[in-house]
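Chains here go by letter, A, B, C and D, matching the order in which they are written, and residues are numbered from 1 within each.
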Amino acid sequence: MEETLMDIDLKDKEEYIVNMGPQHPSTHGVLRFETCLQGEKVKYIIPHCGYIHRGIEKMCEKLTYPQLLHLTDRMDYLSAHINNEAVSLCVENAMGIEVSDRVKYIRTIFAELTRIASHQLWWSAFGMDLGALTTFFYGLRDREKILDIFEETTGTRLIQSFITPGGLMADVHPNFQRRIKEFITYFRKKLPEYDQLLTGNIIFRERTKGIGVMSKELAIDYGVTGPSGRGSGFHCDIRKIAPYSAYPFVKFNEIIFPEGDTYARYLVRMKEMWESLNVLEQLVDNIPQGQIMLELKAIKAPKGEYYQRVETARGELGVYIVSDGGPSPARMKFRTPNFSNLFIINKIASGHKIADLVAISGSLDLVIPDIDR
Amino acid sequence: MALLKTIKEVGNYFNEIYDGVASLVRGMKVTGGYFIKRGQIVTQKYPENRATLKMFDNFKGELQLIHDENNQHSCNVCNTCARKCPNGSIEVIYKKVEGADGRSKKILDKYIYHLETCSFCGLCVPACDEHALRFDQEFEHAVFDKSKLTKVLNKPGSTCKVVKE
Amino acid sequence: MQTEQLTSLITALVPDQKPGISKQYPEFIIPADKVNSLARELKNNNETLMDYLFCLTAVDRKDGFHVVYHMTSSVFRHTLVLRVVLADKVNPSVPTVSDVWRAAEWYEREVFDLFGIRFENHPNLKRMFLDDDWVGYPLRKDYKDSFTLER
Amino acid sequence: MYDFTPMIDSITGYLNGVFTPFWAGLISMVMLGVVLLTVYAVLGLYLVFAERKICARMQNRLGPNRVGPFGLFQTIADLIKLLLKELIFIKNADNFLFNIAPFIVIIASIMAIGSIPFAKGLQAIDLNIGVLYILAISSMGVIGILIAGWASNSKYSVIGAMRSGAQVISYELSVGLALLCIIVYAGSMQFSEIIASQEDGWWIFKGHIPAFIAFVIYLIAGTAETNRGPFDLAEAESELTAGFHTEYSGIKFAFFFLAEYMNMFVIAAIATTLFLGGWLPFHLFQWAGFNHVMDYIPPVFWFFAKTAFVIYLMMWFKWTFPRLRIDQLLALEWKYLLPINLINLILISFLTLMQWHF
């Protein structure tokens, strides 16, 4: 294809290649950008992944459905709850069971909390990518509140393995609702501070506006989803397209910005935090009573193939289960959002400066274990 | 007209500068505010606050075989926890002894827990019908020797509360 | 577009299609050599506009490798699954669709890496996660690793 | 009241009485060197400590608190650690240049300290072209940075060094022009005379708005010249890992680190001397009582308090703002600072000609 630079043999060319990664502060993990520079300008980028490939899909073939859940936590570790939910929904669909409304509400609350926590961490790291070091501490400070809510109920902070096929591992802690309400009021006060510190800042706006423009067509063609895709005007919110769990019961807006630049992707995430707070507010007081865990004899998906799409904090997560009817899947495929989001980077960052490459890769919000699986 | 345009452009130039400086000052107000305000520090002095540091009740520390005051646990060697474990972190080693009625029965010899492979998924605890397991509050897992992470959970000399027939 | 219309459309394009396995989405099993032309038609047809390929993967089944294409339209929101069965397990190959959807370029690389299915005319078919000198294709059922998972 | 001139004079007088002029000069030079180096090291270390504490407070943290009370000895412990660390020699690097670069950087900043007036008479050398000397010496540091980047045989280092070169050369202009404003007001380049001209009021107050603009521009350009704050493109850890000093380890890295902080001190000290009245106490109009109380506070304290204020401002910038991109950095200089500065200079010349300043 005419635009692909991947097949150029680089060895016999005098190119100024800089390896960003596998250990580099801006790649947030073990990812390598083979970056060809011309002065400060980036000519092209070849992403190399696989440094943290663990073969999760292969491992899943040997584990039962409840067991393999703990592996999904470790893909996109910032959306652990949502990954769990995806697998659980897929298995439940396969078995033809439906969980109680209480479970649905709690799952959605957890998912939205996860989304906020993920966006907070992204905001922190994005600020740091751009050189505003203080954002990192403010973001993590507020994320701590969410992690405390998680820890109180699930016992762990980052990778919870809390949502399982058939329901939840345990009921929520009595303090759960009170703490979430406290968090909502707390975070509503802190979010404008985020805007004052970074969003409005002239240096920040200059650094992000018009940088890394991704058109809607490009986003669809490359399969860029989540906030990155919505920043290009691509309506790809699975919560709206194919509502699951408690999303049919709540009112929320899909955040769309048509500009497609780094600033738009930034704004989508900032607005999504507000929107998630609204969703939480609608749900938290209305958790119905119900069964926490369905009494299932055995968790076995009947023979067949099942696909479940959910919206994680980074985009569309697809879980594809091929079952032979046994307790473990014959083939498990995770269509992870970061995998698709990564490869757009050569397209949108070529021709910009090195500093812009950092900003763009930060705005795509990549989580490397999710790419490699 | 041209003059007007020039004036407008010059005005824009200074407006831009003003906006930029104002946005910078807004940001500095946030950080400066935290610098001045008292009681904003969120970090803790960790080893000093060990005495007051309390984990949440549900906290998943290390796996623990519950022993009561008589040094009795309730593991009946059904091996469910070991089968549920996705990582093979639990090994239940039993020995056969002659019961009072002359029938041989299994009793727990060693309950081995590999902390180094445990992923804290929490499948083992609800799996136990005898409620013999729980997660304790221990969070200081670090050791200098990897072999220390393999733990024997039943205390020496402990006996089983319920004896499987 | 409804399932019936899709069925008739695909039947018109590929007469030897077979209905698929999954009940969740409309699914068609098509011969390998028709994949590229059918994909192009589905993407460019104004009634289907399947512009968003959200999943491309392979499955190792008894009757051969299945290459599964999940696609949807960002305009009409209808979803379609195409399936290609490659009976040749030793040297499986299928035409690429990466010239239709750019996203496929990396999905296909991943499938090549883990299943060893060759995608003809792919611009850059290389190992993606594993080393270039890795022997074998891990996601195949007959893959023997030097160590097995402890269970 | 707190005049150090007699003390210095008596020491030189004593030395001249005991030794021949050659030896007297040599001994006084050695004494000066020892004093300056000690001041340099202590100041540098405690600036690092101050920065860590200040940024910690801004970020809701405690900052260093382990070594000594409030972590006061933390940076000393760090220095000992850096002294004991291995010096890594790099294959295919230009070893001579690689080794000499940190010395160039640190010597430049030590030399700059020499002409800073800490109090009346407490100044190593009071050149009649003091401002020019400082400008010349402080821009020497960039040569060290360029050499370090070039000799490291690392791609990150080269990019960092080139950025630093472009940056310092551009911002030197604004620093010079901003200082020129005050030189025009004061009519002298000698630090002692500039301070003497502020006896009746600091230039930032009596120089009207142009002096304030010059001060702000000087602060921005000065921050840029020290490769700090939002202008730390030469180091830019999210882009270039550590920029020009990526390959340095141990004490050579410590030299770069110390020099950065001391450059910040030098910039702040010059700002203090030229704009904020140097070691002069704070006086308010005709309030004789108040002014008298202020006079009792020693000038060294005044000097360091004002310098600390400017340094605090620079740290505040660094921990609030995102980093600029290289083209924006240059655009800021050439499109905003330089034109404003030039207009400002004309204004000031006019004000001075008309004798409109107080």
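The rule is short, and it goes like this: a contact is a pair of C-beta atoms (placed from the backbone, for glycine too) under 8 Å apart; a residue touches a chain by one contact, two chains touch by 3 or more.
Everything quoted here is computed from the prediction, not taken from an experiment.
Trainee: Using the touch definition from the top, list the chains contacting both chain A and chain D.
Mentor: A chain counts here if it touches both chain A and chain D, which gives B.
Trainee: Give me the step distance from chain A to chain C, shortest route via touching chains only.
Mentor: 1
Trainee: Count the C-beta pairs in contact for A-B and for B-D, then report the pair with the higher count.
Mentor: Output for the comparison: A-B.
Trainee: Average the C-alpha coordinates of each chain, average all protein C-alpha coordinates together, and give the chain whose average is closest to the overall one.
Mentor: Answer for the innermost chain: A.
Trainee: Find the geometric centre of each of chain B and chain C from their Cα atoms only, then give the gap between the two centres in Å, rounded to an integer.
Mentor: Computed value for the inter-centroid distance: 41 Å.
Trainee: Nearest whole angstrom, what separates the Cα centre of chain A from the Cα centre of chain B?
Mentor: Measuring from centre to centre gives 22 Å for this pair.
Trainee: Report, in whole Å, the distance between the mean C-alpha point of chain B and the mean C-alpha point of chain D.
Mentor: Centre-to-centre distance between chain B and chain D: 48 Å.
Trainee: What is the distance, in whole Å, between the centres of chain C and chain D, each centre taken as the mean of its C-alpha atoms?
Mentor: 64
Trainee: Among the residues of chain D, which ones contact at least 2 other chains?
Mentor: Residues 58-61, 319-321.
Trainee: Mind pulling the residue numbers of chain A that touch at least two other chains?
Mentor: Counting only residues that touch two or more other chains, chain A contributes 134, 141, 197-198, 201, 203.
Trainee: By residue number and range, which residues of chain C touch two or more other chains?
Mentor: 151
Trainee: How about chain B: which of its residues touch chain A in the complex?
Mentor: Within the complex, chain B touches chain A at residues 19-21, 23-24, 26-27, 29-31, 42, 55-60, 84-86, 119-123, 126, 135.
Trainee: Chain A touches which residues of chain C in the complex?
Mentor: Against chain A, the touching part of chain C is residues 21-25, 51-55, 57, 59-61, 68, 70, 74, 77, 81, 98-99, 101-103, 105-106, 110, 114, 123-124, 127-130, 138-139, 149, 151.
Trainee: Which stretch or stretches of chain A touch chain C in the complex?
Mentor: 1, 4, 6-7, 49-50, 53, 55, 57-59, 62, 93, 220-223, 225, 234-236, 241, 304-307, 309, 316, 318, 320, 322, 330-331, 333, 335, 339-340, 343, 372
Trainee: Considering the complex alone, what residue numbers of chain A touch chain B?
Mentor: Touch residues, chain A against chain B: 63, 66-71, 74, 134, 141, 144, 148, 151-156, 159, 161, 169-170, 173, 193, 196-198, 200-203, 205.
Trainee: Help me check something: in the complex, which residues belonging to chain D touch chain A?
Mentor: 55, 58-61, 155-156, 159, 163, 230, 232-233, 236-241, 318-328
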